[in-house]
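Shared between the two complexes below is chain A, which pairs with chain B and chain C, respectively.
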Partner chain A sequence: MTTTSLAAEAAPSPRADFADSPVIRSRRRIDPTYYWMVVPVLALFAFFITLPALVGVFFSLTNYAGYGDWKFIGLSNYVNIFKDPAVLQSYIFTFVFALTTTVVVNIVALAIALGLNAKIKWRTGIRTVFFIPMVLSALIVSFVFNYLFSNTLPVLAERFGFTPLATSILANENLAWLAIVLVTVWQAAPGATIIYLAGLQSVPAEIYEAADLDGAGSFRQFLNLTLPLILGYLVINVILGFKGFLGTYEIIVGLTGGGPGMATQSVAMRIFSGFTGGDYSYQMANAVIYFLITLLISVIQLRLIQRRGVSL
Partner chain B sequence: MNASVPASLPSRRSLLRAVGLAGAAAVLPLTGCGAEAGRQNGVTTLRFMQNKPEVVDYFNQVIKDFEALNPDIRVIQDFNEGNFVPGLVRNDPPDVVTRGFAQATADFVKKGIFADLADLPAAATINPEMQELISSWGRYSGNETSALPFSVAAAGVIYNRDIFDANGVAVPTTWDEFVAACETFKAAGIAPIYGTYKDPWTLAQGMFDYVAGGSLDVAGFFAKLTATGADISTAAPESFTNNFGPALPKMLQLASFAQGGAESKNYADGNAAFAKGQAAMYLQGPWALSQLIAANPGIRLGTFPLPVTNNPEETKARVNVDMALSITRNTPNMAAAQRFVGYLLEPAVVNTYNEKNAAFSPLKDAPAVTNPQISGLNHSIKEARYFQGAVTYFPPSVPVNNYIQSFVYSQNGDQFLSALDDEWRRVAERTAA
Partner chain C sequence: MASSTLTRPSLPATKAPARSRTSGREGFKINWWLTALMLVASLTVLLPLYFTVAMALKSPDQIGTGTGLAWPTPMNWENFAAAYVATNFPRAFMSTAFVTVFSVLGSLACSSLVAYAIARNWNHRFFRGSFVYLLSAMFIPFPVIILPLIKQTALLGLDNPAGVVFLHVLGGISFNALLYIAFVRSIPVELEESARMDGATTWQVFRKIIFPLLAPMNATVGIFAFLGSWNDFLLPQMMIADPALQTLPVVQMLFQGEFNTNYSLAFASYLMAMAPTLVVYILAQRWVLSGVMRGAVK
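Take a look at the complex of A and B:
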């Protein structure tokens, strides 16, 4: 960094002719502390994330099993991915799951936030209770729920004669994903609630008084005042949530392990199976495809955010 | 600006120097070790990696005895099997290895990781039928003996002797007798079989493997299937669809004898419930025995091979080579490693191990097993009527256990078998490339 600042000193800034302010800025010495803050993290990130990712991309073009000999096979891993119905099924499951969970999490979190923002009794205590799920490990939470679904719930359902729940819903290929949605919502809602609470507290109280005077009911107030005013927070929650749910892994491992059958295999689980399955390069190709898809979604969402004038 | 240059340069140089020193310090002792680890003061150090953490104490004793007889060799036991592949990648694998022998180990054999043991005197003492369990997976360069069996686990139907006696049921030797026994228990209000379908592997090793192995030649089927390569369709004579079809109704019948709610029970639940006498039979291997005894020390257990046909002479047990001994090909301590392997295969060592761990010894003249929990399998083992589980032949990238679970829930056999055909073909296609 010394060399860069030396170069800046020696060569006159080409922008010096246009305006005064850039000259002043380039003359002002940049405090090296900022570089000390950024560069180590950048180096760690590059070494532990970017570099392994590039190695993975490289091996996705080979037939490497994770050990032993390998050779280049071009794009045939990618071609095979598109012909694999098991992989396709995991994509469908993951996207349906992520969409459903995002919708439910935001409805639940917004409802909780509205309640916790109102002047209710023991507000602080209740807030604490609602945020406990966030500090618990997702894996532990899902093991606890696994026990509840498999043992407690069937016993209760049998006692009260409610047959649909008499066998564990985790053992039902068509319903197991709902259990995963439920646990994910339980775990993810507090985080979204915090963001909504911050948003709700930024709305000035006067506008509600004004709306009251104009005769707007509370539902009307929510729809026409609260929602537009916290829209930025909603967008952030939807984007962060959706991206997180696309990578869902540990809650599924704790609840169903991808079963029953193949019903709840997420893309992340499929990719991870490559490490133990001698299928490393094939699942690396899957990972690259998934990365490109999430990248595309992120770019679209960032565009949306910028249009709304919100920045992450 | 100018002041900062001389100040920052030396500091960076000294930083680099410090990093360099630290790096050198980290590397030097390692290389020192690597050069001298094998031999020090005339003592050769062997690294012995074994795959069963629960028997560390037994091998510690074995190593102690071996070292007393061979003062020039020191053996270090490593029971973390996860270190094996990283060791290969670093080109520093252990000298002597035991592994469970199935698809993954067969892949190592194909890549020539292990030395040829055919010339060891101990190799001649092994029961050739049990050696064939290993050879059938394929031999390196066609004729090498890459591993010698050390312990063979045999699995069948674990049964509660008290429940059998109380209901006057004898150990069934044909499929019809087995079904009749199940009906008897059902009529008496006892669950015939304890099912733990929540753990798909229990369905795979029990219901699926037992019925498949009892009704068709599993090893021959997979040999033909592998030889066909990627060019396989559902209609081909080698396909799953054309071979496993007749076995499926018996699998479903077997599944129907499980207690209600088997879908929400896992292996741990099953052990606890079976130990409490909540079912008459349990489709598990010897690995479950110690847990059942721990949960209920008073329980009287036995094992019989599941009869899948009505000819008692066709009844077979499911076996797996639980521990197979190998020496890595590039070990610098080949002579010492061979002496250690020879010692491990001395009757006193290998027979005692298997007796203690409810397993079968691979030696030709091993005494018959007297443990009443598994002695019901003696006949099958002695006459070499056994098979290795069909699921062990699948490459790990095929989630075959989940497909089996799906099949039991949906009862759709055609869909199940064509899914297996498709998965097998896809894996063959991409690994053939």
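Take a look at the complex of A and C:
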């Protein structure tokens, strides 16, 4: 398709007899209206999205504090970041959190999707309930769970004499991140469930009938039929989910604010702190590194998809 | 990924989600065990919501040192009135509504125009390049641009809800255009040609023929834009300089002060901020789910 049209562009003369046809004409000389549709939006996009990215890279090479004078300091910000244990900790937290959440979200979402796709009573009503978290503000949801974790749960634990939970897990350096995983799963599972439902509905019912005749049980059917057939949807969910969870911000703000100490401070939170913390250029260098890491992950993921030949 | 989504000619799941039994197994009895399991599982969603409502209706005395799970008697409806005043609810509501309405309209208009122009001139280098440029921006995580972006918008006097609208529309354009382009490609060019023969300009063709045909995708993009804008916290919090213009999610930070112990007021306020999306969703759930589902198939 590309080659024929390029030929038509380059050498219109052999087709001159068709020149009056609107199709050919529009192929050869593009209606300026189309440019008017794209160019203003592209210009705004470049100005509001691309320009800040470039400005950020520029300032990462300076000692700009967010105000006042600045001068070039080369790559010192980058060097310092690699020596900063607080930054390293935020990266470890962010990746462990994103990986755990991705796994849990996908297990939960797939289970819900299988349940909703099976022959159950009141399917529409149950489905409505399961998708409610999708429409709620993550921040407000986190505030609600904050109270549940720090007040309700300890009171309940005390009542039943279960001491490990008698103090708020949000105040526990080692457990607080699990609360964040839990709320993130609560919030993100419906989105992943929808993608799995779309996948499950693309699986023809006949193959299950065949499997039933062959005497395959439900679990074997799931493992050998359903899972391979919805693999593409699983890949999409893992990629979208992981990328999203790396940037988690609101739920952490609502639950722990990055604490206790800095135990649950994500990379995104550290970068945002550069706005008020006086280390603007330092956090911009952090942002550039963060960008390179996410880019690397995206490239690896795309490669894996292409190699496996997974497509939707 | 991009090419596989783009070559997809039709949208099979368009009408699937509503009561679809396509892959349920006909002739099998209703699975009551599974139904019971799903009902129990749905409590994980319902319990926090019940808890929010119960808390919002309690007096500070009723909260006391309990779990907060008990239903209050008598119910304290005046919490809502107090929260209404404390958060200046009407002002925050109007600000959120402003951001949401214009983000939705802007997303629909800009994304569909760009997608139409790109899809219909796919053979042209400029338009295909624009597409790649827009898509490549999807790889830039938001934290990377946020600091310079805020300085830039402040310089331009866009540190207000209008600036947030700009960013919501532009931030969503990559994904929305992707959805639209796949859809525009499924619309036969012949439909436009007869109109062009009658002398319609490209604008007219878009407005009178293409945009109405995009209705299902408009619903999908509109729903995502609505939910994203209404619930957004990051951009309004960082961009809007005047606290009086803040949106509903950001206003809830008011109750996070260290000395605030008035939980009933806080929960009444949370409920009021969550209610609009919740009500819209419950009333239009079939429509919302089919719209979101259409986005998921991409």
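Throughout what follows, the second predicted complex is superposed on the first by the 266 of 312 C-alpha atoms of A that agree within 3 Å, B and C clash if a C-alpha of one lies under 4 Å from a C-alpha of the other, contacts with A are read in each partner's own complex, and residues count from 1 in each chain.
One rule holds for everything that comes next: a contact is a pair of C-beta atoms (placed from the backbone, for glycine too) under 8 Å apart; a residue touches a chain by one contact, two chains touch by 3 or more.
Predicted model only: the values in this text are computed from it and were never measured.
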Between chain B and chain C, whom does A:N151 touch in the aligned arrangement: first, second, both, or neither? both
Who does A:I30 touch here: chain B (first), chain C (second), both, or neither? second
In the overlay, answer first, second, both or neither for which of chain B and chain C A:S298 touches. second
After superposition on the shared chain, which partner residues are touched by A:V96: those of chain B (first), chain C (second), both, or neither? neither
So in the superposed three-chain picture, is A:P85 touching just chain B, just chain C, both, or none of them (first/second/both/neither)? first
So in the superposed three-chain picture, is A:G261 touching just chain B, just chain C, both, or none of them (first/second/both/neither)? first
Count the residues of chain A touched by chain B and by chain C, then name the partner with the higher count. C
Contact-wise, after the overlay, does A:L75 reach chain B, chain C, both or neither (first, second, both, neither)? neither
Quick one: classify A:G274 as touching chain B (first), chain C (second), both or neither. both
Common ground on chain A, meaning residues reached by chain C in one complex and by chain B in the other: 2, 5-6, 9, 151, 274
Quick check: in the complex, which residue numbers of chain A touch chain C? 1-2, 5-6, 9, 22-23, 26-27, 30-31, 33-35, 37-38, 41-42, 44-45, 48-53, 55-56, 59, 112, 115-124, 126-141, 143-145, 147-148, 151-152, 155-156, 186, 194-195, 197-198, 200-205, 208-209, 236, 243, 246-247, 249-250, 253, 267-268, 271-272, 274-275, 280, 283-284, 287-288, 290-291, 294-295, 298, 302, 305, 311-312
Residue positions on chain C within touch of chain A in the complex are 1, 4-5, 8, 12-13, 16-17, 19-20, 22-26, 28-32, 34-35, 37-39, 41-42, 44-46, 48-49, 51-52, 55, 65-69, 110, 113-114, 116-118, 120-121, 123-124, 126-127, 130, 133-134, 137, 139-153, 166-167, 170-171, 173, 189, 193, 196-197, 201-203, 206, 227, 230-231, 233-234, 238, 248-249, 252, 255-256, 263, 266-267, 270, 273-274, 277-278, 280-282, 285-286, 288-289, 292-293, 296-298
Could you pull out which chain A residues touch chain B in their complex? 2, 5-6, 9, 29, 32, 63, 65-69, 73, 76-77, 80, 83-86, 149-151, 154, 166-168, 170-173, 257-263, 265, 273-274, 276-279, 282
Of all residues in chain B, which touch chain A in the complex? 1, 4-5, 8-9, 85, 88-89, 104, 107, 111, 197-198, 200, 261, 263-266, 395-397, 399, 402-403, 405-406, 409-410, 422-423, 426-427, 429-431, 433
